[in-house]
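Order of writing sets the labels: A, B, C and D. Residues in every chain begin at 1.
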Amino acid sequence: MRKRSKYSYCSESLRKDSGLERYEWNMNTKVNIAGIEWKNPVTTASGTFGSGLEYSEFVDLNQIGAVTTKGVSSIPWTGNSTPRIAETYGGMLNAVGLQNPGVDVFVKRDIPFLKQYDTRIIVNICGKTTKDYCDVVEGLADCDVDMLEINISCPNVKEGGIAFGQNCCQVEAITKEVKKYAGQPVIMKLSPNVTDITEIAKAAEAGGADAISLINTLTGMKIDIHKRKFVLANKTGGLSGPAIKPIAVRMVNQVAGAVKLPIIGMGGIMTGEDALEFIMAGATAVAVGTANFIKPTATMEVIQEIENYMKKYKIEDIRELIGCVDRV
Amino acid sequence: MRKRSKYSYCSESLRKDSGLERYEWNMNTKVNIAGIEWKNPVTTASGTFGSGLEYSEFVDLNQIGAVTTKGVSSIPWTGNSTPRIAETYGGMLNAVGLQNPGVDVFVKRDIPFLKQYDTRIIVNICGKTTKDYCDVVEGLADCDVDMLEINISCPNVKEGGIAFGQNCCQVEAITKEVKKYAGQPVIMKLSPNVTDITEIAKAAEAGGADAISLINTLTGMKIDIHKRKFVLANKTGGLSGPAIKPIAVRMVNQVAGAVKLPIIGMGGIMTGEDALEFIMAGATAVAVGTANFIKPTATMEVIQEIENYMKKYKIEDIRELIGCVDRV
Amino acid sequence: MVKIHKKTAVITSQVQLTEDIYSMWIRDGETAAGAKPGQFLSLYCKSESRLLPRPVSICEIDKEKGTLRLVYRVVGGGTEEFSHYNTGDTIEVLGPLGNGFHAEGSRAILIGGGIGIPPMLELAKQLDCGKRIVLGYRDITFLDKEFEKYGKVSISTEDGSSGTKGNVIDAIKANLLEGDIIYACGPIPMLRGVKAFAMEHGIKAQLSMEERMACGIGACLACVCKSGKKDPHTNVNNKRICKDGPVFYAEEVEI
Amino acid sequence: MVKIHKKTAVITSQVQLTEDIYSMWIRDGETAAGAKPGQFLSLYCKSESRLLPRPVSICEIDKEKGTLRLVYRVVGGGTEEFSHYNTGDTIEVLGPLGNGFHAEGSRAILIGGGIGIPPMLELAKQLDCGKRIVLGYRDITFLDKEFEKYGKVSISTEDGSSGTKGNVIDAIKANLLEGDIIYACGPIPMLRGVKAFAMEHGIKAQLSMEERMACGIGACLACVCKSGKKDPHTNVNNKRICKDGPVFYAEEVEI
């Protein structure tokens, strides 16, 4: 058998640098999200990159626009029982259940680690109640982090998570509350498991969100037909990976047409081409998630391929590409 | 390069007959849906099999449990502009827009064709208004077809479709109306583009549905980054294929726990293993859709692989497997 | 009752013609036996992320050897994958599909534009009448030498690097070509020009059309084109390119 | 700053040991150079439908040739895919990952159960002390002959077809084995039995654990096992098998 064909991941033309750098192509990849400037539009999707420590063996964190950390809660969370993941066709299910060391350890250990690098720090926050969220947000208000991402959409937490993210009134209410305590711009991270994503996005905007990120995972299930039982201990899990990309791009495009806030798009990004689809759909920045598990250097490759595209088509400023496809 | 590896489609053990037929394994694959007996639990997903004519070159229609036809409306529909399809990672988007010759031609031409075969006939029905649906249902009341499947979930029709399928009150109301005119059992086909599929299923049950089928396609989008335009003329399309299977299995399992009606499960079924996942999740029958495009004989292979599984595990009656995994 | 199946064909040669155009011969006796010029094959990718078949026209048929030639341009992942196959590798194919060209008239003009050129080669070979061949390119030419055995070839290029500068119609006019039947395959703007030319001169024209496909056999209604009259099968003004085409009379289709 | 990468290793041999167990040698000098017994590799599938890496233990290391041996059971699509690879084919790997066994004590008992047997082979080779080897099978044995060069081998089979009928603990008891350190890899029920045996006899035990993985490097928290004490990294009673393990002291983990 021959080498795995990578062509579906990224076309040859963008993987290979088009070579224009010879005559010093001057381009701008900087983007500004809610007043925070990133050196390029690529971050990591929360939960797929830890706090950057492990992946720093593979990736030069100085080169990525921002690092978004694993969700952190006010107290340590143990997460779900194992098995926590299952593979699906072109994707995966996870039911990690937001295991995290709690905000105190996070602030003492993970922020100082990330501060060594010249990259933006986005802290993803989870909670079971509005108070939980506010406690973490308040605890981080004086910390040296750049943005907060509020995960109101994790399908693995029964008490809060999903309920928050699927109801407009609750989204608006929690956004308002969180904003009261926040020392940094607040990104609301939306769940795709809803009838109308634009309503939810508008609620976040109404609540005072500074930016929106989407999509979190779609709720899915896998059954082991030989054992006749669920593969995941939690029965259901969140579907991520290239399988979900068309849904994510659609939602980003819809939300871009519905609110004025900047959008961080994600869901199945494996290559620079995928990232550009989100950007053209209306995202100001993108996050790379599941792809990290498949190619530990995925973030850097995505950045490189975006730059190659810009060179190839002589795009001077990445911002020319944001939302450049017609709105639906 | 070697032959395409098929292993992810179906494991070797089920593709190869386990050979137990030597000592004449007596098994029952018949299922009963709303009083209609099918010889096996496999049908075709509406819109992927025409009215059976073209695929009858590949498949012996006598061998499949039921043929579900392309959606038919009261008058001929022209459908959307092209391109109508786009490929995605492990799936595809379609925005055919329910092109169909109208119920009159359908009754005169397609039903007589299908009546030549010993298989159940399920007519899928689409409309823009409740009256449209009722007109078709009434027109078919005296026809020799076995079941009606009401597509209240096609995302490609702006006027009706999606709106009907995403709102509980409307689902209950249209089910009630359709039932007034129906001469055959009515299957309500649900959209997955909703916050809570169980609410919609309960509304269909309350309206008097005899069965439920799910899932229809998830709304998605693809952008051609080189042309910087939408790939589909319709901009959005419905995502189908193996990519969506985990979402479909989850929804079938949730609905199985929420209503008493029999369920026809679909969404990404490529193999007997996939079909069994739906059956174990709670589906009484399954439909094969996108897989027909990839393997024209997909329906027959799925039936064979289900039988191979039953032989391997000495299952005498397929009904033992329906919903045999714990409910969520 | 089953007539055609998905077959596993063996690649007997693969040659690169230009930077992005490849010529591949594949062997499957049954498929070759039934093939006609203008028909196409559905080619399946090995990559499991790419599910849909790629329709590719039959460029040449060798019934004796049971082989078929496909000439294709690398435009995306699927064709790129094909271009990496070597002699001896296998490929799954379904076909021959569609109707193909229908021989008629006594003085034919064969017109191919860009990647619409390959299907004209087998047609040129099989047509037993007077024929003039017109091939339109952007710049780099391919297959043109091979056509020369079957008739006089006129070339057009957009940049004027070979033959007439302009499009195929410009080449027809420049070479004062005449005929009583036109066979054409190429991009829509070219076909539109050919249709206008044919109508203007009262010549019959058979046009081979292209659209994105899913089933390739007429079931899914993905690949339609607009027809002037109501189509008997669809009962609307749409014809299925895969099943009712890809070859249509110019007056049948709105382009 | 970058220390390990995904590498493309070449398969230098592939042999079928039993109906469903295969032995594959792969070559990548850098990977082999850093490898220790008890560590594992993440193997990536070529099929684009299967995205996640498959963790497989290192069974033998040949630092001179720069090769590694992997012995694996076909249980699903990924391992089935691997079993079709031939000599000369390539495979993408990441590793060596995890911590591996830590040599200590003077009289070791090495215990492998089922597909937990392979990692014990390189350990048996490298351990420079008194050692007894216990291998537990359901029925058909594999690799047992290869262990004989490194120490006395006792076998248990569930059906009694070879060695002691029963499990590895039955074999230990039947053969009155003694030691001051146990190294074990196998299914959870076996590890649970080994842990109980070790505690009962006051022997130290290093256990190699298994769980479904996504990242394989400690970032995603997919592969945790329960720990008795709060883990310093996770700050909860969970340890990451891929990063903190796969080898743990018996008292560290709750099984």
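Heads up, the rule we're going with is that contacts are C-beta pairs under 8 Å (C-beta built on N, C-alpha and C of every residue); 3 or more make two chains touch, one makes a residue touch a chain.
No experiment lies behind these values; they were computed from the predicted model shown.
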**Report entry** subunit D reached from subunit C - shortest hop count over touching chains
**Finding:** 1
Requested in this report: Going by C-alpha centroids, which chain is farthest from subunit B? Tell me that one.
Outcome: D
Query raised in the report: Centre to centre, by mean C-alpha position, how many angstrom separate subunit B and subunit D?
Result: 45
Query raised in the report: Where the CA atoms of subunit A average out and where those of subunit D average out, how many Å apart are those spots?
Result: 35
Report task. Would you kindly tell me how far, in whole Å, the mean C-alpha position of subunit B lies from that of subunit A? Result -> 33
Report task. Provide the list of subunit B residues touching at least two other chains, using ranges where the numbers run on. Result -> 1-2, 5, 8, 89-91, 242
Requested in this report: Could you list the positions in subunit D whose residues touch two or more of the other chains?
Outcome: 46-50, 84
Query raised in the report: Okay, in this complex, where on subunit C does subunit D touch?
Result: 47-49
Query - List of subunit A residues in touch with subunit D within their complex - result: 1-5, 8, 47-50, 53-60, 70, 76-79, 82-87, 89-92, 94, 96, 99, 101-102, 105, 241-242, 290, 292-297
**Report entry** Footprint of subunit B on subunit A - complex, ascending
**Finding:** 1-2, 5, 8, 88-91, 93, 166, 193-196, 218-223, 225, 228-230, 235-236, 239, 242-247, 249-250, 253, 268, 273, 276-277, 280-281, 309, 321, 324-326, 328
Query raised in the report: Mind pulling up the subunit C residues that touch subunit B in the complex?
Result: 1-6, 8, 44-46, 48-53, 84-86, 89-90, 92, 94, 211-225, 233-238, 243
